[in-house]
Every structure is written in structure tokens, then in C-alpha cells.
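As C-alpha cells, here come the structures.
What follows is a pair of complexes built around chain A, which joins chain B in one and chain C in the other.
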Partner chain A sequence: MGTDSGPPRHPAAGQLSMGLRLTGRQRYFLVRLSWYLLALIAAVTLTFLLPRLGSTSPVDSVLASLNTAGMSAAEVAETRAEFTRAFHLDEPVWRQYLIYLGRTLTGDLGFSAVSYPNRCWEMVSEKLPWSLLLILPTIVLAWILGNILGTLAAYKRGVFDRLLFPLAQFVGSIPFFCFGLLLVFVFYSQLAWVDELGAYSAAVEPSFSLSFAADVAAHYFLPFASIFFIVLGGQAVGMRSLCIYELDTDYVRYAKALGIVERKIVYYVFRNAILPQLTGLALILGTMIGGTLITEIIFSYPGLGTMMLRAITTNDYPLIQAIALLVALIVLALNFAVDLAIGLLDPRIKAGEPIGDRR
Partner chain B sequence: MRRLLSNRLPPRTVVALAALLLLIGIAAAGPWFYPLGSTEIFEMSRAPFTPPSAVAPLGTNALGQDVLGLLLLGARTSFAIGILAGLIATVIGVLIGMVAGFKGGLLDNALSALTNLLIVVPQLVILVLICNSVAHRSYALLAAFVGTTSWAWVARALRAQTASLRHRDHIALARLNGLSTFAILRKHILPYVLSYVFMAFVMQLGAGIFAESALSMLGLGLSGTEVISLGTMLHQAVESGAFTDGLWWVFLPPTVVITVTVYLLYLLNTSLEQAFNPRLRRH
Partner chain C sequence: MHVSFTKALSGVLVRSTSCLAVPVTAVLLLLGCTGEPTVHRSPDGPSPKARKTVPRVFPRGETLYVGGWDWAPPVTFNRLAPDPNWPVDGVVQIMYEALFGYDQLSGELVPHLARGIERRPGAIAVKLDARARWSDGMPVTVEDVIYTFLLDKRYPTPRHGMWKFLENVGSSKPGEIVFTLKKGNPNPLYVLDYLSENVILPKHIWSEIERKKGWNQAARKSDYMTLLTFKNDRNPVVSGPYRLISYSDQKIVLQRRDDYWGNAKYGARRAAPKYIIHPLLSTNTAYTDAMVKGHLDLAGHFIPRIWHKRTHQVRAWSTSPPYHRAGSIPALMLNHERPPFDDVNLRRALAHAVDFERINALALSSYSPRMRPGFILPFGAEAKYFSEEDATIHGYGFDIGKSREILLAAGYSFGNKGRLLHKNGEAMGRFEVKCPRGWSDWENAARVLVAGFGKIGVSAGERLVDYSIWKRDLSIGNFDMAIDTPTPMLWPSTPWRRFAQVMSSQNRLPVGQSVYENYGRYSDPQAEQMIRALPGIANESELVTAYRALNIKFMRDIPVVPLMYRPTQFHQFSEKHWRGFPAEENPIAPPQCLMIGAGVSGLWGLTPVPRGTPQRAN
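Presenting the complex of A and B:
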């Protein structure tokens, strides 16, 4: 735990073994950046390797997804040859891997199999903003508010805590899609407060207009709520126990004995407890985003999750691969953003202390 | 663990544990008692989408199958997948975490890198890619996939715990006595972290049930016609339009069972954490 006085400066602070002089933060950012580049290559490798573990050949699954009923044997053979060439399946595996790695790292996600001449990137990039719209504001808002609520509950205890804590525990443990199912049942099927699922009315053409924005906002509430309250509850519970630990420390007792204003003490406690909460956020981002994608299906929300379901049911193997890679990329990027925030907030990193295993 | 059991368990732990065992018991024994045998559950002998009645207490689904019968069998499958996946993940995580934390050095670096990699690359992505490439997915196969992709949390925590124990005097003594690494881990480290291992298993069980239903929602759950799990029930409810039409008896039962199970597992975990961590108790 960082103390508010700041730890002593580490003797090796700011020195890399090569003799480069870097500040603690710069060194931390460099180390993290190289780790994420490694993770990126690993993710690309996984999306290449995993589909090849199974028994089904990609060309077979592509052909199965096409309507070959009306084709002659020669036509089928020709299509097979074309796909084999288009997906480089005539090359040895190591060559295929290098081609895949090379084109993926330059942003080329290849062709879709079901809507063949279309490129995966074009199809996926249409859905990406919708998924991000559901993921980013929801998680950020719920995280901030959850931490404030958790701090208050730990500090105030009493009725506020007694009422809210069990509720937060319950809500924080539910899977997103279960809560989503319940919300749709109550507010769409029973009360009919929402007249249509999806991200916007079917009758409206997406555009950058005020009326379209209002339509999107009206449809946004339910999917937002099904993720927001669960993250809020989970974060509040986590922050509450961290703050209870902090409140039991000597610096808090000392500050109280000195007669420092309560608000200032709460601020100290908040600052120290927020770091493990940030690390915790990085740890659960993958699960959260996975859950968000499943929730999209419930709301027929036009994002990557719904597209993934369609790609799976139509057996569009390259598209599944492309979406999987993009989701992995989103999680990596958000993890990196959280790490940057930790780097800016953690006084130990500024002081150049070696990065150990933090909570 | 022994110390905990010799004292009285906290009431919340007892309640959560009893409710969970009851749920698992109902799911395990239920299909024997209702409707009559496990083959009849899949018979499409009734009208589709009939609301709950005396004949079918939870109504019928799109195929005219009895929802209560499906629910009992589906819960059994989901619990089986959760328990199996939880066991696999806990064993792998405990082994990797303890070895990494105890050995340190290069091996620790390599194992920690693997662990951290599995934490940043989302499990769902890996599962979708594997499951999509396998033509026939049995419940054991699904559990194996889920278990082998979700151990990273356990390993991370066990590594930290083991690393904090390895410099204790009795470990050094055991080492001087010539005990092998495995023997030291088993005899002198495992007893200290056993309470944590149990809590990790409880969490992994919930994660396994969640992962199964998430995969099923994407159409990558169990394959075959005469199989059912809570996840496949939800998938069918969404695909058949029962969900958007508000036919609650088709999709609410599996939703409620998943929600309650996951909550009870969470409650069990936090109450155990309070029992092990006196500072978290109410003053």
C-alpha cells in the first residue's frame, strides 16, 4: 500500500540496465507497452491456432455455409480451389501463420466466407461503435460511482451500509444477461415502457441528427442498466472492504487524533484504496466485456456480440476469427489504459520502485 | 480449514451452503422423480407454448416439451459442468500458482507471464474459437474447455500466497531435510492455503456455470438433440421468440436458477472470506 507521505526513493530509480536514464513512470510505461505488444502477438497467434485444433477444415465449413445444391461437381471443385487460394490453405502451416500475422498486424482481417467478396474489417467496423457505446460509458460510470458508494458505505456504516450492502452484494453477483433478461421482461414485455428492442427504432435510418440521437438514447437505457447496476454493485462491495482495511490503519487513527477534517481523511482513504480497485478492474475487464457481448444478444443490439452469434449460426469462420481478434484487442487496449492510469496515480511507480506483484 | 471447522461456521455460510446443497440435490435427484424417466423429457407430445397448468407445472416450450422436466435435467447438466470445470481450473491453478510462487526465478517468470496472458485475453474469445472448431461438444468436453481456460485467477492468488510463505523457517527446515519440492508444497504449504483453495473452487464453480450459459447463448453450447442445460434452455428461449414475446415460463425458470446459484456461491465465498479475515467483520 502506498502511504500518503510517499515511499523512500529507490536507489536504482530511473536506471535501466542499459544505462538509459528514465524516470520511474517512463520505465513503467515502457515495460507495460512491451508486455501488451507481446500479448497482442499472443492473441493473434491464438486466433490462428485455436480454430486449427479441431477436426473441421475451414474450407469445408465455408463450403457447408454456401448453397452448393445448384452447383455441378466441377463448380464445387472450382469454388473449393478458389477458397483454398483465398485463405492461403495451399501453403504450409508456418507460411500461413506468417501471412496471417503480417496481414493482421497491418489491420487486414481477411474475407468473410458467407458474404465472400466482403472484407471482415468493413463488416466488423460497422458494429464496433455500437459495442463501444455500450461498453465504455457503462463501465467507466459504474466504476467511478461504485467506488464512491463503497467508500461512503465503509465510512458511514450504520443504516446506509446495512441497507445497501446486501443489495449491492446481490446485484453485483448476477450475470449481465440474467439481469438483462429480467429487465426486458419487466420493462418491455410487462410494462411496455420500451416499445422496441435494438439500439434504435427499425423505422429510423441511422444518421448524425438530433432526432436519431434521441431515439438511440431512449433505446440505450435498458441495455445500459443491465450492465451498469451490476458493475456498480460489484465495485461498491469491493471498495467497501478495501476502505474498511484502510480505516483500520495507523495513519487514519493518527489523522483522527490530530483532528483533521473527516472529508480529508475519507479522501486519503479513497486515494489509497483506489489503486487496488484499478488493478482489480484490469483483472475483470475481459469477463465484463465478454458478458456485455452476450447481453447484446438479449437486446438485439447491433454490436459485435450479436454479429458473433450470427457468424456462428451461419458458420462464417473467418468472420468469427475477426470478431474474436477485435474483442481481444478491445480488452487489451482497455487494460493498457487502466495500466496507464495506475502509472499516473501510484506514487510508488513515480518513485521508481521495482514493480512487484500489487494487489 | 481445520481451525475454521473446529469453530462454528458463521450463520451466513451455513445458510448459503445449505441452500446450495439443496439446489444441487434437487437437480441431481429431480430428473428421477419428474416427469417419469429421462427419455420422456424430450418428447414433443404437447402443444407448444402452453402456459403453466396442472399437467405441466411450468408450461411447455416451442417444441411442446415440458419446461419443469427440462429445467431439472438442465440444472443437473449445468451443475455437472460447473463442478467439473471448477475442479479442473482449481487443480491447474493451484499447481501452477504454488510451483511459480515457491520456485521463483525463471520458471516463475514464465508461469506468471502465461497466467497474466490468460487474464488479459478474454476467456470467451478463446472458448468461442475452440468450441467452434469442435463438431461434437459433450458436457465433459465443455467442462474441460472451460476449466482449462479459467485457472489464471486461482494461479495468480496462489502464487502470491505461496511466495509469502516460502521464506518461513519450517519450510527452510523441510528443505534441509531433503524433502522434494512436491512434498514441501503438499505437506507444508497446502495446509496453509487450503481455505483459499476451497474459496477458489467455489468461485470457479460459479464461473463454470456462467461460461456454459454464455457459450450456449452464442449457439456454442452442448451439441446433440437430447441434451439440455440451463444455457441451452435460454438459447432456445431467445431463438424461438419466447423471450421477446414475454412467455415468462420458458425463460424465467433457467434465469432464476442461474441467478440464485451464482448469488449463493458468491455469498458462500464472501462469508468464508469474513470468517478467515476478522477485520472484515462488522464491529
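Presenting the complex of A and C:
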């Protein structure tokens, strides 16, 4: 159904001016790629400019941490000058931007201003695995399970739906921080099932060992749960609605009337219903990377969120830029991956093929 | 039907999620490559045997967990950096040591690397303890001390400013260092402060680092920024009882040095904990929870209502009010360059509108002893300079009626709804009390202030800003009123330093330009003269007279309004795993958290609680 349908296209539609002939999917991906490139440039430029619109610079934060008691303005000015020069903050903004672009293109994200002499890339790469560990398995599992449950609820209705739907709606609408605090209160403060916050026990030194892995897993449980159930609830509610809508469409009735086997109909229903959910998945992943701030703070869990917050509150331009660049790249990559998925699943994407190219 | 449904569903899901396989796999690979989280180890040497010196699990009975000094992931242990991590900032002396450690109880300098001090005309001479050794076995020498002080002269380090008070650091005879005071600006008090917090570095290590990183050959000048790239996180050569063995974004780990030279001072005994671990948690609440659960033995952060924690065997220096030993005076800075704060009568009226008791209860869990007027602590080592008689005659107290009387007598009037009017009858604008966002004790104090000022018709509001903005605005004078603590620590130079921080006009600059003391731009020639003269007074009775005069000047002029007596350190401990902490009834060391100044000696008095010991309530 529908994979080779679609309006006839002008023969030249799939041809670029260079005479390159592209299939509908190729053209789709190329257009998406160009948009992502533009989005990346915009993100990089904005994250460069926005922090600089404020009235303070990272050097103010460096000086704020300095014990300046008894020092005269001239003496403090020496420290200020050293940091200002090192980070090119005495240059015009456009030149700073060119320096930044030049360095970024060569893969050099520079030093953090406030956490000098740490390199931004080192700082980010220390936190990134923790953030990804917190986000990817949590979101992907919640998404898969949420969609299965939502579909079951829509399809089976009855008691299952009447139980699941309000529960999912309730859990899905709890704010992250409320649920996180509730988990801390119940499982850490009251029941003491989890004995310590953080990514692993303070008494344990990281090593390649089963005991360390078990310790990390034990610490992972609460932060995981704080995100998992909320996303699960939201996904289940969304998928249920989509499926109910699809099940009620004309093509389903028509297919049933034609006597098409149930399995085939279900296949089409879910194929259609899953598309918006896939887009939603990309959006959730996008907002969660660097957005697990609350979870990180509540559970003293390492990650990019708290680092980003600290970078922003101290105006650490290079670190803000580095994290933003990384987040932008990951978000765009994930979105592109989802686009790929949609491209493969959605017959309308294929519809853009030049007529002669049809298989 | 159900079978077909499941198959169809799984088909779609598998197909769609398979597209995510690439990024997910990439992440898992990344995690796999990282394997163990980034942890920086600092064993004795590069051999595999040495690497084993960092254990996989730190035995509870040998490990002291401390918290509240660092929140962010560690950056550097280079003592020349603007803000190095625990335990390398100046006041903490368990890895590097200064010549002395200040005892906040007695007000004395306790020898650390030094063994004696002598004040001479225009100079201070210090005798070095000949027993002192670095962790690599080399002796701590006079050259190390001179070199360290010169490092702060060559580079714009946090202690660069001390050279304003020093002419020279040299040696005239073996084992003795002579600190010659700056001619024209002699200030032995500041120099004593530096002797008690300037931790000494080994010249034989650091001169080599400086040669490699501290000199820019092309520009032919010292290169501070390159020198800071040395993080000093691998096998630091230290003189103190502990050394850094590993750190990550989750914790900093120190190990006891069994060959610490200073053990001789304690009858050849070693400090009790073999390991000291500082977990890096993200909030005060997390540290408090960890303490209640027995995961933290010692904490330096603010725990409100500490008496409620006694059932968890958590307590402070004292088990009765005010629980802590106060040592600093947070105050309301007033901008003397902005009318009407240039008017002493208005400042006096404001001082009478401050509800000190309420601030103490709301902001500080009543940890502050009863406030007395002036800028001298009426207890502890400073009590000898405080005069109750002067306070009664020249002081102030919370009294709204009196405050309104002062305003009316000075020519102010009250308009509609009791709003205060300028002397010329114009309505007064709305003022701001600026304080850093997230500092809950100060935020509460600001609320009480605003409410009190409202009662005398002064319209004001709290203005909470980011820390760096607050600090910058203080520095350039961009505030009406702001909360700050002049000199948050006790030093050999307090209370003089506290007065100088709000009354000295030596470094005064107009609003708009940065200053690092006297943010309110108070200026008075008589006060300046008194502040300049005081550090040179050695006779104790003359000193008492000078301090009384200075405190009277303060109470008359009210350059700032003191708000509370705050502990310099929140010395709080849990007795679940360790006992023998310094406390009011066990004053083996001052309440300086076993690591600050003279508080270090408390580490030799701890004893681990044997497993299975019945827990006792305090």
C-alpha cells in the first residue's frame, strides 16, 4: 500500500543544475543535510554571540574567585590583563569569532577560561559518557516500551486501557524534578535502598571489575528511573492516541472491507503511527542532552548539564561554546538518524523520485 | 490476531530503531572505550607496583570523609593558580604547609614549618624547623621559603599583593628568614597573615617547572598563563602529612605520608586517618544527607539547625547554643557615593532599623552570639579590644522609634503612607540590597533588612545576582546597599584588617573603577590616620586604646552596618566512624576542621570507632 504511489513529477525535478540525477530519497537526505549544516552554523554563531551580550566576562569570574584582600587595583589588573590577553578578550568580537571558527575547524576547542588550564575538550569528554549513559538507554528503552504499551492500550482497550491510560497520563505529566526529589526522598532518605548519591561510591576507586560495574549500576538505578518512567508515560499516551486515530481512518476500514489480512493492516497502522513518535524521539533526545541538569543536581550525578550551568553562570565563553557545539552536533546527528528512519519508513519520501527511476 | 499484531509492531519498531543503532552503538563504544571513568592517579612512581598503592576500596575504618570545600570537578593543584582546588588553597595545610598556622581560639601563631618568630624594627625574623623534610627526602630550606615568596612577586598570583608590604625576603644567618617590611608602608600585621597562609613550595621542583613553563623567551618576560598549565597533580612533592593520590569529578583522595617529618611533634605518632577523601557532591543538602547517613565524617558547609542532627551523631564544636565559634562579621555595605547614604544620620537610622535577632534566627540558625555595636568581636581573642562602655555610649541597636527620631532630627520627613522624604521634601527612590543568588543565609538577611527599612519609610528590595556580577558590582561601586563579609577569616591581623577593609581609603578610586576593599568608598582622614598607625603599635595597652578609638570612630560614622557574627568555619562532625574530634569539651585543636591553620593537629587525636561498637547519641 502506497509505497509506489504519489503524484507524477516533472522529469527535471530530480536533476540538479550540474546534471546530477538524484533519487527522491537522495534528494530528501541532501536537503536535510543542508538544513542541518545551516542549523549548525546558526547554533555555533549564536552560542558565540549570546554569552558576549552580557555585561560580565569570564575574567570577572576568575577575579571573583581571587583572594583580592589588600590588593590594589593595579595589582589585580595584572591578573586581569593576563587572562584577558590569553583569551583574546581584548580583540574586537568579529576577530574573536574568526579565531574561534579557525580553531574549531582544526578541532581545537581551546582552554576553559574559568577552569584554566583544563582544555574544553578534556572537560567535555570526561562528562559526555555519563550524560549519554543517563540519556540514551533511558530514553530509547522508555520510547520502545512506551510505544508498545500505548499500542496495546489502543488495540486491546478494555481494562488494560482503563488502567494504563490514566496511570501513564499521571506519570507522564510529573515534572522531572518532582519525581526525582520524590525518588530521593523515598529510596534514599527513607527506605535507604540507595545508600549514596553520585555515580559510584566514594569508597570505591574506579577499575575494570565486576564489583565496580555493580556499584555504578546500583547508583544508576534512581537517576534512570527518574527519567525513564516520565518519558515512558508520555510516549504511551502519545502512541495510544495516534493508534486510535489510525484505527479509525478510512483506509483501515477500506482495507478491512477488501478482506486484507489483519496482519497487513496492523503493519500499515503502526507504520503510520510511529512516524510522529520517531520525530518526537529526536526532539526528546535533543532536549535531554545537556538538559539533564535537574537529574544531575538532585542525584549529584556527573554530566554535561551541571557543567553547562557552571559555564553559563561564570561566563566561561570557551566552555559554553564547546558544550554547545557538541550538543548541537549530537542533536543534529540524532535528528539525521531519525530522518533516515523516517525516510525508510515513510512512502511519501520515496514519492519524490523521478519517474524514470522507479523500480 | 494477537500474534500478528505483535509481529507487525516489532517489525516496525525494529526497523525504525535500527536507524538509531549507529549513534547508540557509537555511544556504547565511547563508554566501552572509556571503560572506567576518567580518574587521575598519582602513585609514587610509574611502576605497576606503585600503581597498586591506590586501593580499589578504601577501608572505612582508615578513611576520613570530608566535604564542603569543593563542589566543582577538580581543575588544578597548582598553588599559584587564582583558585586552586582543595587541599591546596592557602588556609588548608594538610598537603603543603606554611611557616605557621593561625589558632583562632588563642589568636596565636602555631609553628608549622617554622619553629620561632621574632618581631624586629622594620622586619620579622622567622626560624625554620631544621627537621622539616619534603616528601622526596630533601630538607625544607630557607631557600625554599625565599623562592616561594619571590614566585608570588614574579607572577600575578592571588598573593601577589603581599609585596606591597614587603621590601625584601632574605636570610642573614643559617636557618633564619628575614622579612623586611616595606619602607613607607610598613604593615607587620599583613605580613603575619601571609606567614600563616602562604604555603611553601620546594624550590628544587618548582624552579625546574618555572624554567620550563614560566618564562617566555620570545617576549623575554615571565609567562604566568603557561606556568598555570602545570596542574601539579602527579606525585606532588609536599611537606605536609598527606599527599594527593587520585582525583576524578567524583572525589579527591589523599593518602597519609607515614614518613611525615612533623610526626616528631606528636611523639612519633602518625595522623589517624590513612586516607582522607573529599567526595564532590553538588549541593549543601547532598552533603548534609551524606553526613546524616554517616558517609561524611567532617563537613565545612552550613548545616542549618544542627541540634536536630544530634540523633544522627552529628554535632558542631559545641552541643549548646550558639554551637559554633563565630569569627567574621558579614555587613551591609553602603555606597557613600550615592545619596542619601553619604549622610551619617541616615546610616545611623538604618543601623537602628536592623533586626539583628531576626537575622540571626532566620539566616544563621541562631549561631551568632548576641550582636554588640562596633566591628570588634566581643569574645575570643578580640575581646580584649572590645569595650562594653563604648558600645553603650556610641552604639546602636534595633529600635524603630529611635531610628525615626534620628531621621526627623536630621531634617528628613515622612510623606504619604509614611514614606521617607529627602531633606528638601522630595520623595526618596527605591533602593536595592544586592547579594549573590543562592546564598540562602544572605538572602534571608536581605529580606529582614528590607522589612526593617520599610518600617522607617525607606523603600528597598532584595536584588539577587550571580556571584561574579555581585563581586564586580561591589568592586566598581555599582550598588546602593550590598551584603559582604569583609575578611571572612580570622587572621593575626584581625580585627585591624576588618576595619581596614571598610574604612581605609588608601586604595580608594571613584565609582566605575575597580577597588578591592572599602567598596562603599567611605573616606575620612582621621579614620585613615588611625588605620595606618595601628599596625605599627606593639605595646598591648596602647593597642587596646587604639582599637577602642577606632571602634568608636566606626560606631559614630557607621561606614557599614554589621549584621551577624558568623563562624569562619562550620566545624561539624559525625561520630559514627571516628571519635576524638576537637570540640568545646575536647579542645585538642581549634575548631578549624582538622585542616585549616592550627586545626591540622586535631588529625592526631582521632580514633576510629571499632566495628560493632554500639552507637551513642550525643
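Convention: the second predicted complex is superposed on the first by the 271 of 359 C-alpha atoms of A that agree within 3 Å, B and C clash if a C-alpha of one lies under 4 Å from a C-alpha of the other, contacts with A are read in each partner's own complex, and residues count from 1 in each chain.
Heads up, the rule we're going with is that a residue touches a chain if its C-beta (ideal position, glycine included) is under 8 Å from a C-beta of that chain, and two chains touch if they have at least 3 such contacts.
Keep in mind it's a predicted model, so treat the numbers as computed, not measured.
When chain B and chain C are set side by side, the one touching more residues of chain A is C. Look at A:286: by the touch rule set out above, it reaches chain B but stays clear of chain C. When both complexes are overlaid on chain A, the residue A:244 reaches chain B alone and has no touch with chain C. In the overlay built on the shared chain, the residue A:129 is in contact with chain C alone; chain B does not reach it.
Of the two partner chains placed by the overlay, neither chain B nor chain C lies in contact with A:252. With both structures placed on the common chain, the touch criterion links A:175 to chain B but leaves chain C unconnected. When the two complexes are overlaid on their common chain A, residue A:297 makes contact with chain B and with chain C alike. Look at A:197: by the touch rule set out above, it reaches both chain B and chain C. In the superposition on chain A, A:43 makes contact with chain B only, not with chain C.
In the superposed model, A:313 lies in contact with both chain B and chain C. Contacts of chain A with chain B, set against its contacts with chain C after fitting on chain A, overlap at residues 55-56, 188-189, 197, 297, 313.
Here chain A touches chain C in the complex through residues 55-56, 60-73, 75-79, 82-83, 86, 115-118, 123, 125-130, 132-133, 136, 140, 144, 147-148, 151, 155, 188-189, 192, 195-200, 202-209, 211-212, 261-263, 266-267, 270-271, 274, 278, 281, 296-297, 300, 302, 306-307, 310, 313-315, 330, 333-334, 337-338, 340-341, 344-345, going by the rule given at the top.
By the touch criterion given at the top, residues 1, 4-5, 7-9, 11-13, 15-20, 22-24, 27, 30-31, 34-39, 54-58, 60, 63, 65, 72-73, 75-76, 81-83, 90, 156, 158-162, 164-165, 190, 224-225, 228-231, 246, 248-251, 253, 277, 279-283, 286, 289-290, 293, 295, 466-469, 471-472, 475, 487, 497, 500-501, 507, 509, 513-517 of chain C touch chain A in their complex.
Within the complex formed with chain A, the residues of chain B that make contact are 113, 116-117, 119-126, 128-130, 132-135, 153, 159-160, 163, 210, 213-214, 217-220, 234, 238, 243-246, 248, 251-252, 255, 258-259, 262-263, 265-267, 270, 279-280, 283.
Here chain A touches chain B in the complex through residues 35-36, 38-39, 42-43, 46-47, 50-56, 157, 169-170, 172-175, 177-179, 181-182, 184-185, 188-190, 197, 237, 241, 244-245, 248, 283, 286-287, 289-291, 293-294, 297-298, 308-309, 312-313, 317, 320-321, 324-325, 327-328, 331-332, 335, 357, going by the rule given at the top.
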